[in-house]
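As written, the chain order gives the labels A, B, C and D, with residue 1 at the start of each chain.
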Amino acid sequence: MFYALHLLAASTAANPLVLGLTIFALAIFVGIEIITKIPPTLHTPLMSGSNAISGITLVGAVLASGEYPGFAKLLGFIAIILATINVVGGFLVTHRMLEKFKSR
Amino acid sequence: MFYALHLLAASTAANPLVLGLTIFALAIFVGIEIITKIPPTLHTPLMSGSNAISGITLVGAVLASGEYPGFAKLLGFIAIILATINVVGGFLVTHRMLEKFKSR
Amino acid sequence: MSRAWVDLVYLIAAVLFILGLKGLTHPRTAVRGNLMGAVAMLLAVLVTLVDQQVLGAGVFGYFLIFLGMAIGTGIGVWLAITIRLESMPELVALFNGLGGAASFVVAGAYVWANDHSGPEAIGLEISFATAASGLIGAVTLTGSLVAFAKLAGHPLLKKMPLIPNSTVVNAIAGGVTLLLALLCAVSRSYDLWFWVLVLASLGLGYCLTISIGGADMPVVIALLNSYSGLAAAATGFVLENNVLIIAGSLVGASGLILTQIMCKAMNRSLTNVLFGTLGPTGDTKDADEVYQNVKATGPDEVAMLLDVARRVVIVPGYGMAVAQAQHAVRDLANFLMDKGIEVEYGIHPVAGRMPGHMNVLLAEADIPYELLKEMDEINTSMEQTDVCLVIGANDTVNPDARQANSAIAGMPIIDADKARTCVVIKRSLSPGFAGIPNPLFSADNALMLFADGKQAVLDILSALKEG
Amino acid sequence: MSRAWVDLVYLIAAVLFILGLKGLTHPRTAVRGNLMGAVAMLLAVLVTLVDQQVLGAGVFGYFLIFLGMAIGTGIGVWLAITIRLESMPELVALFNGLGGAASFVVAGAYVWANDHSGPEAIGLEISFATAASGLIGAVTLTGSLVAFAKLAGHPLLKKMPLIPNSTVVNAIAGGVTLLLALLCAVSRSYDLWFWVLVLASLGLGYCLTISIGGADMPVVIALLNSYSGLAAAATGFVLENNVLIIAGSLVGASGLILTQIMCKAMNRSLTNVLFGTLGPTGDTKDADEVYQNVKATGPDEVAMLLDVARRVVIVPGYGMAVAQAQHAVRDLANFLMDKGIEVEYGIHPVAGRMPGHMNVLLAEADIPYELLKEMDEINTSMEQTDVCLVIGANDTVNPDARQANSAIAGMPIIDADKARTCVVIKRSLSPGFAGIPNPLFSADNALMLFADGKQAVLDILSALKEG
């Protein structure tokens, strides 16, 4: 009969680092291709808007604060404050700027 | 003491389907962004060149033919032939076309 | 090699594929781009050969693999070398079909191997992926073969049954096949079901394409190109192999965008191409009526016109490809330019039978691509043009497109009729792909030169040299 | 919620981030794009709140989370609402720093939590990621704070020690920190080492930025923007969280490209910006020598010139931002346009202190962006321009850039000197950012209007209304 066959894929688990790198590389390409299409007019909003996006660490901060005990929870709490300022402030200020562009 | 803490990430394995979808979505974006930048002059070579790339199933065919037993091995063998024609023919014919463009 | 290292090399291959496509964004870097793609493929295949799972294949296993590759390489090289550039669309269609076939065969191998190792061996997610791979791959195969046969004008095609009420039949076939795919996925792709699905999909591919007009085949090919990529991606989901997913998606996106571009250039929706009918509408004027006023001319007269022109625009179409007139056209243009006459080419996005068709032919004849102007650009200077030389183009210069009730209403055209004089070279008054008469041919400033494209150009050139 | 579902929502969020950025490619869709980004963020955060791992946090845990968010939202809203648009660069720098800080603090929390659950609890790969997160995040924090202080002209900055031999010191600091990061990674990020690394990186960030000229800060901010993204991505590797990786990489790419664009527009390399010195070279002409021939003018004369002009080009620069003259400029332009005079704006890519700085200010004053022309476009029509009104621009209109031995040699400029008459509004003959004299000011066709930008424009306008 057939020798023990596992699922081709499941037989050896994918390495998370390599997966991360794959996603990283693809996202960098997406970023480069899209950003080069953004006209100079919008470079300042782009800067503050992408800055707000970098506040995505907020997700990590929530995970840390929720899951970890003791001192790590406190660190998570601090990170939440910092990241939230970045996110909320960033999107809001970008919105304020872009509103000016929209009026026409 | 701290309650049993596994690695945040390793504690629940990532779902391969979702990972695949993530990579799929990113690659589609990369494709769209790059292809829209290709000038009409090069649309025929693009068609045959991307066609050659779709022969990447050759990798799957090699895996199937190498790993599987019996009838599946035969199927892998057939797939290898088909995919190789696609790959070799595709890249070669694209090269022939592009050579004409290069001369200047 | 361990999975992690193999995957890392796959990642490098994927990046090379992307950089290769980026290379195609400029003629200067295009050759390198294509080579990069080839290197990426080589890399991916080589690393697969030393993958843990393949290493156990033994001598016989490796023998099979190399044999398969050798056969495939032989056939591939032979096809690529013997093909004439004019037949490129057919060849791409054929390769497409083979790629789609390879995808569903691999999925089939996976199903067979895992199905026999016990029930429920295939996870639900993977089962959906195999069904997708079977469906898309098989549709791609027969669809591409039909497209190939139509473009090559294969005699066998005439014997094939046409499908009456094609829209209804297609809808039913499509519905049944989708249902089957769903069943197949939910039942975890048991071997038999999978092949039933493949058979049904093969039929579906045939049904969907057989009733599409031959001239719409380029759109179909681009779409099938997209499918072959998606089939590869689906197989990538089956094997949980990222390089398949990435490369497949890139191709999927590429085909989709080409399809879109072509549809836009013809001002038709994809649905209309796939399911609609193209042809004279009720309002179309009768050919006899349109062609009351046609003025024929000869090579000598055209040579005289060109001799005194300051600016000439050459508008090639499908007929130039048929006549293989590109080298003659280049010689004519060079002769004119040596005399100090300004010569440019006006390239319509869907002139010919595949996107960029004219560019490839003209590039083959060593015509600098700086001289090839896109439609919008050439149209701005058409009124300053003394002679517009239309060679085997028809629909792409049909001013009827400006009429709201025309069959090609709204399709952007090259304004050949706006030049001071317009000379049209074609063999007869027979219509182009859209099957409608062309009022340009009887315009006051138009002259018809009835001849084969290549011969006509050669005749004009010798008349010029003598004159 | 199970990991798979959470990850799926993360995927949706990632796609929304990408679509949001795509929205920013056009002013019309930009607001929606930004909102999409915000929705993506909300989605990602909401789904995290119901993630399995967070659900165990209990009432106190959730209280902390919501408290943190409330505090952060309060501060964020306050900062965003109270800031004047002119101070945008500072604010972006500040937010940047906070983002970087959040990244390394999360990595620190991870290290602390896992370090105490036994040796070797942290895999080598993750350990590298934590080190990267600590390094990049901390450099981003202090680097951004220095940039913030410099741009805001904070008095504290003057008391800060400048670093002698900065290149050497920077090299050593960089080397030591990198070594530390490597140690930290190989030793699997034991708690203490991680914080030592963070401390060193904080120092490094300070060293690297403190010696860069205040006017180069925009480039530095764009670069730090890129870093803050990379820090988030590194944290994503630590937590094996794909939405962090994707969003972080997008920001990383964005910052990098903005940096590149700015460097290109200044014709300087990034290394030159970061480590080089900018300033008069040996060959620079003396200001007194250059300015022998300066002709001053008043608002009335300028009003007369404008009154008879057919075409006026307004070239704003950093001085317009300082004087907050954008509303006055709009009123002047509207007045002229109502009189039938053609008015356009010439926008240099690095006018002002951040990319697109002028566009934001002019948009704030409701000036239609169709009137804002990029450098290359406006230069083609400069010779047909009767009056070029330069408001607070200096380096970006300095014809010295065309001289090979100039400190700004090769920097593309707006050809204000090629207009029939060029009126320059600034307060004095003092130099702009590059610190070199500007031969435009003493050109034959140039008139200087020495005044604050806003006041000068208002004076011209009232002179026009009276005249």
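Convention: contacts are C-beta pairs under 8 Å (C-beta built on N, C-alpha and C of every residue); 3 or more make two chains touch, one makes a residue touch a chain.
Here the structure is a predicted model, which is why all the values come from computation and not from measurement.
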Pair of chains joined by more contacts [C-beta pairs], A-C or A-D: A-D
Most distant chain from chain B by Cα centroid: D
CA centroid of chain B to CA centroid of chain C, Å: 20
Averaged-CA centre spacing for the pair chain D and chain B, given as whole angstrom: 38
For chain A, residues that touch 2 or more chains besides their own: 2, 5, 8-9, 13-17, 19, 22-23, 26-27, 29-30, 34, 37, 63-64, 67-69
Multi-partner residues of chain C (at least 2 other chains): 14, 18, 53, 110, 113, 239-242, 246
Chain contact topology (line, ring, star, complete or other): other
Chain C to chain A touching residues, read off their complex: 2-4, 7-8, 11, 14-15, 18, 52-53, 110, 113-114, 116-117, 121-123, 126, 239-242, 246
For the chain B and chain A complex, residues of the former touching the latter: 2-3, 5, 8-9, 13-14, 16, 19, 22-23, 26-27, 29-30, 33-34, 37, 63, 67-70
Chain D to chain A touching residues, read off their complex: 14, 17-18, 20-22, 24-28, 30-31, 33-35, 37-38, 41, 44-45, 48-49, 51, 53-57, 61-62, 64-65, 67-69, 71-73, 75-77, 79-81, 83, 85, 88, 91-92, 95-96, 98-99, 101-103, 105-106, 108-110, 112-113, 125, 221-222, 225, 228-229, 231-233, 235-258, 261, 347, 349, 354-357, 359-360, 363-364, 366, 368-369, 372, 374
In the complex with chain C, residue positions of chain A that touch it: 2, 4-5, 7-15, 17-19, 21-22, 25-26, 29
Chain B - residues contacting chain C, complex: 15-17, 20, 23-24, 27-28, 30-32, 34-69, 71-73, 75-104
